[in-house]
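Each structure below appears as structure tokens.
Next, two complexes with chain A in common: one pairs it with chain B, the other with chain C.
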Partner chain A sequence: MTTKMVRILFPLAALALLVLIPLGQGNYIIYVMTSWLMFSIAAMGLNLTLGYAGQISLAQASFMGIGAYITALLTLAGYHWVVGWVAAMGACFGIGLLLGYPALRVQHHFLAFVTLAFNTLVFLVLRNEEWLTGGNHGLVGMPRPSFFGISTGKNLEFYYFVLILFVISAAVFYWIVNSPWGRAFKALRENPVRAESLGVDTRRITLLAFAIGSAFGGGAGAIMSPLVQFIEPGSFALVHSLKILLMVVVGGAGLFYGPMLGAAVVILLPEFLRFTEGYYLMIYAALVIVLMVYSPTGLIGLGTKLWQQIRPQSEVRKDMSKGAQL
Partner chain B sequence: MSEFIQLIVSGLSTGSIYALAAVGFTLLWQASQTINFAQGEFVMVPAFFVLVLTVKMGLPVWLAMPLAVILAVLILGALFKRLIVEPMFRHGTIPLVIATIALGILLKEMVKEFYSPLGQPFPSLFPQTVLKIGNASISVPDIANLIIAMGTIFALQLFLSGTRTGRSMQATAQNPDVAQILGVDIKRMVLYTFLINGALAAIASILITPIYLAKFSNGETLGLVAFIAAIVGGFNQIRGALVGGLLLGVIDNLSAAYFSSEYRQALPMLLLIVIILVRPQGLLGTAEGRTV
Partner chain C sequence: MIRRLAATTLTCMALTAPAAMADVVLADVAELSGAGAAAGAVWHDGVKMAVEEINASGGILGEMIDLKEYDSQTDPQNSRAMVQKAIDEGAYVLLGTVYSSSTVVNMLVAQQNGVPQLTGSESPTITAKGNPYIFRTAFGAQKGLPKLVSYLKDGLGAEKIAVVWANTEFGKGGYDAFMSIADEQGLEIVADVSTEQGQVDFAADVTKVKGSGADAVFVYLTEEESARFLIEAEKQGLELPLGGDTVLVSQKVIDLAGGAADGAFGHVGLSAEAPVPAIQEMAARFQEIYGYSADHNAIKGYIGVYVVKYVTEQIGEFDREKFAETLHGLCLSAADYPGVLMDVCWDETGEMSRESFLVEVVDGSQEITESLPAN
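On to the complex of A and B.
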């Protein structure tokens, strides 16, 4: 089996699994899986900004929030969900572009703090502007959309609806990172000065990295409104941005499947650890620390490391036989 | 006017405690490029050391507090460096950021699970009396906090600029390679920085906890304030963190009284964004050379 075949077969097999797994499962499991798909989309966006373009952002949850509130307000006003979705992604693209401007001036930890402050500001606005956002009580009762007479009201149907959005997002993401833009993003991450000297418009690429990444966040937020059917400012606080950052880094930043794996770990692991009751967050945090210490490139990096430990044995043998010849 | 003076004084008092946390934060950054996202929890935890020693083990408060500082130096200083920062030193900033975020969660959950999820009363070092100066009433703990916090920072500054070890630490922070060539044991200097951060966090904890209650979630706001103070003042200067801390304390108090209590939290954030955009090196900081 060649690498190319794996590259085509793996997504197909994964997709088949995603279609089959929820069949016959209870509502709760379907809900958790839907929320995993949603967070994967948000994490994909951050993976573009952070993993590919190297611009740290601690504001992804705020874009989910902006997207969720825009979608909620529009659907509650009677517009179709698609209108809300497009508006959410458009608005987040615009705001992400604005948030990218500080990144032109400052880097690394400073950028982390600007985006962190932005997240807190968005949270405060959502909490305090009661006339628009309902304040602490949030917004309730967003309808689930229906397409051409097919309703997505039931959990399983909604899951497939989100799965379709997930596949679209993943395809767009794949296309972006393999396009000339994707290479420009990586160039920006590896060495901005050299990228610029080679003719990459680093200014535009930096802004785009933020804008596109944020638009993915807005798209995920647009799913959250009809999924949970209740949104409140607390769902988009700083901890949730950190959670999405965790997804990207735990999975493997700058790798296509990284954020999906990371989101699975961050969303599903607490469910598996639930039997430990009060201790699950502790175990979870400890596992993250251990993972970061042993494999800062995340789980995929850890997998590659282990794989290489098994594989190069044959190479070592070759070296030894060479040595024996001498 | 008297109200204004009261607000300023109590603002300076809490601000000086913020400054303690911010100075520790800055020191860690300088010495080892560690952005400690658990700094807020580092300030929360020593209060619980004191509570464990007094309430659970029955030690008197005067003995428990120095012991808590020592515990903080050992656990939040030495152990933190040995177990988390040291193995990740070469991996760059972001994995370490994630690890400290996780450490913050771990500390918070451990306090919540093993001690109590409820706010605990905490012994105050000073009598809760109020002095009348003119028309302004100023509380004794406020003044005492201000004096102790400022005194600690002043002593630290003296240590850093006046002793051989302190100057070696500064050299390590500014240019580790050259420092090593000149015979400075940089590993030891970095370790000292972590120990000092543990001690500063413990002092801040003992001073600030009587104002609120001792609670597992205290670190959330404190950590954020420490970051902002450090950046606003200037990330590469102790003076900067001090000014940043004081400024934030005063702004916080004044905005709650005169501006809007709802957007009170927003003001430091806006200040942060403006400072980063206009003067990224901070109010007192000096610009760092950009590495390619």
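On to the complex of A and C.
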């Protein structure tokens, strides 16, 4: 099988699995899977910022929050969910640009601090502006949308609805990273000086990566509103940004399937480790540390590494490996 | 050979199936880890103890209770998922959660699925949402606080009050209720200090209270934060009377704060020290089994399971719809239903009323200073 065929067949097989798995499952499994798809979209956005453009952002949860609150307020006011979704992504894109413009003057770990402050700021605004956000009591009872008479009220219906959004997001993401922009992002991450010398406007490209990544966060937030049907500031605190960052890093930053795998691990692993009771957080933390030491490119990197070791390889002639020394 | 195997299998299935079917599943969704573990784990032990007692005496309508536990990790969204899981796994009635910020989220799922839920949360908002399936095991802050405010005003003669509260769903509910009652009663609020969940350093907060010129302090924090506040107040030599609700004078806070808790007082719905023999016996058994003192959360969990038993036996079948209908407006007397420990009534919203107590911490234990009638 050629690599090209694998590239086409793998997503199709994965999609077929995603369609089939929830059939006949209980509501809990369906809820967890929907939640996984939602976090995958948010992690995809961060992957663009972190994995492709090489900038650390600790504000992805706050963009989810902004998206979730915008969608909640609009749908509660009687607008269709799509209006909320578009507004959420648009607003996050705009805020991403506004925040990114001054923030990206400072890069890398300084950007991490700026986004960290931004996340805390958003949390405080959501909590203290009670007239708009409901403060600590949050917003409750957001309706699940219906399209052309088809309701998404039931959990399984809502899962398929989110799956469609997930596929759209993944397609857009794939298109971005394989477009000239995507190549510019990668060039920027690998060697900013060289990228600039080749005519890439680094400031503009980084800003764009950050804003698009933020818009993905807003899109995921727009899903959270009707999924949980309750939002409160605590769901978008800094610790959740760290969780999304962990998803990207554990899965494999800069790899297409990385954040999806990472989100699955972060959401599902606590379930698998439940039998260890109080120790699961420790085991989980230890696993992440070991993973980062052994394979900084995450689980996908680890898989590739192992595959390289076991797959049959053509032996290089020993004299050739010495090359010009002989 | 195959026939014999099939016959054996069938016999085994026939023998095991009725036993498995005869269990009634109760789900306890509680804060077993995370910031709320100090409350949730104690609640869970109270639930476990009642389940064991009921199973030992023949179960509910002759069926054993199969108690399933779910850890919310003190995360509202996770608690929602766990309630969903509990319902998928056939829970007859849900017990928990204790933290109000989780309960307001997960009670929606229970409502959508028509599963009755007995919560340990005390935030006023819980029973104000018109959810027909939610029931309290301890009354909401809005019922307890008027009693405390009148004690601050008439008992202590305080006019200026400093308020220290947790800026969470739980704290905000109590804070709003306290402020409106204080306003009605004409108390002046001279310091309004909001704190974070999981806050470690209360130095600045205590300093602010100290400099405010207050006559008394109203403290409305969760367990660990209450203890930290009390320790800091002692360190800085804050001489003002420190009053609060159930949590401030709970056994968990006394254990955590040590001597710093002495002198704190509060209005308590349930206490292991209450002058009620049934509660004291229950607390003694609890101490024996789990090796630590029961607090209001343990008693809440304990009562919750017995309520499930009594209500189910009244309706004579395991019917969730009828369970919720029956519990609305029901009164259970401790004489006829010893498991509820004290006479108790529920209204149409799931709110409950019961006798309550004014408590002061003296030498590391609660001392009841006054018993207040149910309202």
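We take it that the second predicted complex is superposed on the first by the 309 of 326 C-alpha atoms of A that agree within 3 Å, B and C clash if a C-alpha of one lies under 4 Å from a C-alpha of the other, contacts with A are read in each partner's own complex, and residues count from 1 in each chain.
Here is the rule we use: a contact is a pair of C-beta atoms (placed from the backbone, for glycine too) under 8 Å apart; a residue touches a chain by one contact, two chains touch by 3 or more.
Only a predicted model underlies this, so the values are computations on that prediction, with no experimental measurement involved.
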Between chain B (first) and chain C (second), which does A:S235 come into contact with in this model arrangement: first, second, both, or neither? second
Give one of first, second, both or neither to describe whether A:V106 is in contact with chain B, with chain C, with both, or with none. first
Which partner reaches more residues of chain A, chain B or chain C? B
First, second, both or neither for A:N136, with chain B first and chain C second: second
After superposition on the shared chain, which partner residues are touched by A:P296: those of chain B (first), chain C (second), both, or neither? first
Who does A:L281 touch here: chain B (first), chain C (second), both, or neither? both
Which superposed partner A:Y31 touches (first chain B, second chain C, both, neither): second
Going by the contact rule set out at the top, does A:L121 touch chain B (first), chain C (second), both, or neither? first
Which chain A residues lie in the overlap of the chain B contact set and the chain C contact set? 127, 278, 281
Under the stated contact criterion, what part of chain B meets chain A in this complex? 29, 35, 83-84, 87-88, 91-99, 101-103, 105-106, 109-110, 112-113, 224, 227-228, 231, 235, 262-263, 265-266, 269-270, 272-273, 276-277, 280, 292
Contact set on chain A toward chain C in their complex: 26-29, 31-32, 35, 127, 135-138, 140-141, 228-230, 232, 234-235, 270, 274, 278, 281
Would you pull the chain A residues touching chain B in the complex into a rising list? 50, 56, 102, 105-106, 108-110, 112-114, 116-118, 120-121, 124, 127-128, 191, 193, 242, 245-246, 249-250, 253, 278-279, 281-282, 284-286, 288-289, 292-293, 296
Chain A-touching residues of chain C, taken from the complex the two chains share: 33, 71, 73, 76-77, 80-81, 84-85, 87-89, 101, 104-105, 108, 125, 129, 167-169, 171-173, 197
